[in-house]
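Below you will find the structure I want to go over with you.
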Amino acid sequence: MIHDFTYLQPGSVKEALAMLAEHKDDCKVICGGQSLLIVMRQGLVQTEYLIDIKGLNELNYIKYDDKGGLKIGATTTHRAIEKSDVIAKKYPVLVDMEHKLASIQVRNWGTIGGNLAHADSAGDPAPVLTALNATVKVGSAKGERTIPLDEFYTDLFETAMEPGELVLEVQVPAPAPKTATAYQKFNLLESDQGIVAVAVSITIDAGGTCKEARIVLGNAASTSIRAKNAEAVLVGKKLTDALFEKAGEAASQECEPVGDIHASEEYRRHLIGVLTRRMAKAAFEQAKKMG
Amino acid sequence: MIIEGSFTVKAPIQKLWDMLLQPETLAACLPGAEKIEKIDETTYDAVMKQKVGPIKVKLAFRNKLTNIQPPTHLELEGEGEDVTKLGHIKQKTIVDLKEVGDGQVEVSYKSDVSMVGKLAMFGDRIMKSKAKDVEKEFTKNLQEKMKSVV
Amino acid sequence: MEKKLLRFTVNEAPYEIYVNPKTLLVEAIRDHVGLTGTKRGCETVSCGACTVMVDGMAVKGCSVLAMQVDGMKITTVEGLEKNGKLDPIQTAFLDEGAFQCGFCTSGMLMSAKAFLDETPKPKDEMEIRRAMEGNLCRCTGYNAIIRAIDAVAKGNYREDKQ
Amino acid sequence: MSENKYSVLNTRVHNVDGHAKVTGRATYTFDVTLPGMLYGKILRSPHPHAKILKIDYSEALKFPGVIAVVTGKEDTLGVKQGIWRRYKDLCDEAILTVDKVRYIGEPVAAVAAVSEEIAEQALDLINVDYEVLPFVDDPMEAIKKDAPLIHEGFERNVNVTRQISWGDVEEAFEEAEYVREDWFKLGGQHHMCMETRAAVANYTPDGKLTIYTSTQSAYYHQALLAGVLGLREGNIRVLAPYVGGGFGGKFELDGAQFCASVLSMKCCKPVKVVFSREEDFIASKRRTPMYYYVRTGVKKDGTFCAREAKVFTNGGAYTGMGATALYLTGFFHSFPYRWKAYRYDGYRVYTNSLPSTSMRGFGAPQAMFCSEQQIEWIANDLGLDPIEMRRKNGHYEGYEVPGQATIASCGLDQALTAIQKWKTSKGKLPKNRAIGISAAGFMSGGIFNWFDSPYSFSSAVVTINHDGTVELHVGAQEIGQGSSTTLAMICAEALGVKLEDIKVHMGDTDHSPADLGAWGSRQTLMAGNATKMAAEDAKKQLLEFANAKLGFNIIYDLDIKQGWVYNVARPERGMSYYDLCKEALRGKEGQRIIGRGFYTPRRKGMISPAYSYMVQGLDVEIDPETGYLKIHESVTAHDCGQPINTLGLIGQLEGAASMAIGFGYYEYLPVEDGKIMNPNLVDYKLIRAPEMPSCQVIEIDTYEPEGPYGAKEAGEGLTNPHAAALGNAIFYATGLQMKEAPIRAEAIAKAWKEKNEKAKK
Amino acid sequence: MSVICPVCKKVKKNPVDCARHMFGTGDKPHRAWFETQGLSFIDLLLDQATQPGNKSYELVGGYVEKAQKDLT
């Protein structure tokens, strides 16, 4: 049962930010609402004001240029990302991730901004975007700022956003040369959230040595996290199966998963190890093929 | 859900024991505790507020000490409810204090917490990870507090 | 609670209704418009029984506030049949026996319809299966549903073939 | 497939209720609204075991919009009921409990209000004082000496025990040259009908109750409601509109039906109660979890000697249909093999958890998971071909299961051959991929009358109108399994008319003859026999007129086929059925022609009049490191006698496969502290379209003499073999023996890791 | 040697079979008979279920045999 609320439908971002500034803690923002409405229907979340930004078309865009990289507006749907030609060309891993995010119905209505702001550590976009070194542009009545995605999450369902701030845009730098990103979540049913998920981005130099590695774990702690020890295993080395194995072990040790009915803590760690190894290898193999 | 762990504190065991039984200690150490009230020698009422992202719960708890063996063993049982009826929580906790030499006391605890209602049904994963956080913070706070007393 | 005016089109008929803003789209369709073909099978946006088309897109009616579709075009299962003639996907469901208890069927049909409109030539069976992954069925084991969609995609129900 | 000798049977037809279902016109209980209707909500126990000291609902009554609150103590007769009416001891559930709660989710009180939301809010205003009691939720704990007692008079919480045995087991084990024993653990499974439990009850001051409800047996609910409400059966009308699935979970009295009725009787207004998905999970019933011990003795050449099984089932808080499942577990555990000696001891133990009941397969899927895996391991241990070993010991036509049943038709041998052929055709499979096989058998309707029905098991009435259209009234219940279509086809075939001439009426106790309803694979055989008999009765009456009218020599036989009434010896001579009907009615003083049919199995053994056989093959890819399973293909060789409704048959088998794969792998239903941990569709995993394998069905040609046109069961039995087939595939791909169902990915990964660590040492 | 169930008088093939029948029926009158013999129905049942062999059946079979002379 949803508790009653006052429904506000701003006509512009400016108006939305003014409403946010006015109602601060007493309001919630709904965009696609594919996650929020579930908890509201369970009675777990109540709010006095609900600000609906789903209709804000000024935030519905996908822009790309080789210099500035990719910019996705907050109200862009998952489905639009999935079907974007430029994203398919430049960031195939994003399309791949979107294909596996819930179901078509959810992707048709759910938005990237809503997903990131919801801060579910089992969400798909955050690990991939973090691996791609993305930043989030947030705004409030006072102004705008950008936050790197790997600093965006502070706790389970908590972000670094202040009251009154709204996700406006996701920014992804243009792909670096000899870089590839691979993502896999482990789940029994394709459309489910991952029991755990791993995104790995590898950059190699001409000689095949690992220049940079970003390993991001999903649902392995209260937020999606960088596995920095695992990254350190790879960076500066000629990559081999033995190293991938070692990186997996490191990731499996540094994550902090919680056991639940779907998987024990031990199993989650094990899966993190396996997926990190596999994804690191997959990203490396792809990177080798890249120009 | 079982929460267990242990830590050591450098303090006389009796002093630790006395402190543990003071509501103020618990109130100060338990994150989110709004009120802890001693009803009688063995009964405490507590109100705890917890927040996980957008989800806020306020739990009203009654705890009873069921087995007290000063200064080494303590058992308590509690039952409570979220004020908006999101869930019903029961807990059974055993705390043991043991002198491990060198003026150190090892405090070990084991809580069996069970929940029913929307919170538990829907938020098993959320609640479990939150409980872990609360536990960590409580232990940290308690250790701090003990240090300051000793 | 102040009710809000919602104007939308359901199966090509215009509606103006006043709703509590917390009303879900599926509730607006069932309780206010009175079309009960759209079902509800869960509270967690899992089962897809409430799937309808919003401006041609398959959307779960329980995951959307009714106010969010203000001004939009909704198609429900009742809107598939035109002038007493079944939509090809409905006929295909009958031909393949793609339903048993029928409770998930409305949602299945809407997902299938939206998918076929968008992807007239799916590249393989897996693409069809993935298109239907948001809809649960406890009876059929899905395969008959997939066969029905495949048959429509293959053109077996084009007018010149009938 | 051989040429079809029938005009309607074994053809592909549209389901008779198909048009309503694909256009959204089909109305379910969920959709029923009546003028002046109130909405009911149920307050449920948060405790697995507690005494109710006091219920204070005064605040709830003050809440605007609340019309009534009912409790077990004040507003019901407190009658304990159960589906085993012949055994008073086992009628142990009051639905709205009177003084004690025995599981989390048990109904404690109910509210009727002008809206669902108000009713739900009012629940929070009811205060219940409980005295919390110690609880136990595991059968092995509940049976211990000092475990809390859940029901008075059931020492050690043993609810029912069942024994089945034949032959000298000790001696047969002596004879065996190889003996293997294993313990298994089986989890529960939820029916997960797409339509949750729902009822709209309308009690009127003239003492009559009409109830629309989602049910598998309108007649059972009429009788059970009469008992608990103190009304005469005839004053209760149960209407089952379209039913959104049943699977064995919707023929016991449930909270929606009972609370809606009690509230309606109190308010004299219609009251609707619809379970939320969460309520449906925590407060309906489930497949029985079990602890399962099996010991099997065989000769070195693979001849089966003896088998012994000891089983403890988690009965949950109440008896329900679980007692029947306990017996069938033991019986089907012997299937489909010949054992010289066999012994089964089953114990159903009460626990403070959700009651367990019948669910598609009725106790047999659990038994087959254990049996069919162990057989595979034995064959492997002895170096024998498992398919040949199965063949060597399998049932055959004419075999008698000692003291239990005679097998009149059996396609096991052909089914094994078909699967063997498929397996061979697959050739060598890549690494981590294997084929798992499992055999099973099942019944076509149970010969049990624990309900103490005074009526025939199945009945049908066929009425012919003057224009030749036919009203087929059956008590059989359509729940999606296609019984309406199957019975309409049988009726059309028997009468010799077209399928579109038949209208099926069911699910209304005022107008349908009494019938035990849809459970235990009863419909095709039992309701089918009744329907065939009724149609033949009507046809006989028609032919009497035809004989008089056509004036053939009395030595000739007449028949009707495809609407043509004719002389069998000279088929071209005859008349139109439709014309005949007009004249026949005139000859009967304008009365419609009515045929009656009924069926109750007699002299058919202890269990069922007929048995179906099947062999299941699954091609499975295993990622042992993660435990992920990908099922590439499912092939079923199935013997269901004469197929009636071709499309329905395939649908039933594919549906069974999806549910059975769920039981084997996806559908984990953990209970902690008496509480179901995943009562929602996010956390309870139902297979979805991408995971569902393609299914191939190989029909095995048999003829069942007891069945209508030689037909028997299809669609329930096939929930039995898949879990074991999965286990067997895992065994061949990895060498792991998985003894817990569902086989969890985590368990596979863990066992694999341990195996590798062991190998390293 | 066929025997008669001391409670419901059903004829059974042999004492062990009769014991099995008594455990299997397990209703109040049958349980009560165990008590009259100084046996615990439930303990014997558990032994039978959790231990290999047929000890409980044989034991009760012995009692059934003894009871026969009072029944005929």
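Read from first to last, the chains carry the letters A, B, C, D and E; within each, the first residue is number 1.
Definition applied: contacts are C-beta pairs under 8 Å (C-beta built on N, C-alpha and C of every residue); 3 or more make two chains touch, one makes a residue touch a chain.
Model, not experiment: these values are computed from the prediction.
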{"item": "Chain closest to the middle [Cα centroid of all protein chains]", "value": "D"}
{"item": "Taking each chain's C-alpha mean as its centre, the one farthest from subunit A", "value": "E"}
{"item": "Furthest chain, CA centroid comparison against subunit C", "value": "E"}
{"item": "Mean-CA-position distance for subunit E and subunit D (Å)", "value": "34"}
{"item": "Subunit C and subunit D: spacing of chain centres that average the CA atoms, whole Å", "value": "29"}
{"item": "Cα-centroid distance, subunit B relative to subunit D, in whole angstrom", "value": "47"}
{"item": "Distance from the mean Cα position of subunit E to that of subunit C, given in whole angstrom", "value": "62"}
{"item": "Junction residues of subunit E, two or more chains touched", "value": "none"}
{"item": "Per-residue overlap in subunit B, given as positions that touch at least 2 other chains", "value": "122, 124"}
{"item": "Of all residues in subunit C, the ones touching two or more other chains", "value": "43-44, 130, 133, 135"}
{"item": "Complex contacts: residues of subunit D adjacent to subunit B", "value": "46, 104, 124, 132, 278, 282, 672-673, 675, 677-680, 683"}
{"item": "Complex interface listing, subunit A residues touching subunit D", "value": "1, 38, 186, 188-192, 261-264, 267, 270-271, 274"}
{"item": "Touching residues on subunit E, where the partner in the complex is subunit D", "value": "17, 20-21, 23-24, 26-28, 31, 41-42, 45-46, 48-50, 52-54"}
{"item": "Interfacial residue positions of subunit C with respect to subunit A in the complex", "value": "1-2, 4, 20-22, 24, 43-45, 48, 51, 54, 57-60, 62-65, 67-68, 111, 114-115, 130-131, 133-135"}
{"item": "In the complex, subunit B residues that touch subunit A", "value": "52-55, 84, 86, 118-119, 122-126, 128-130, 132-133"}
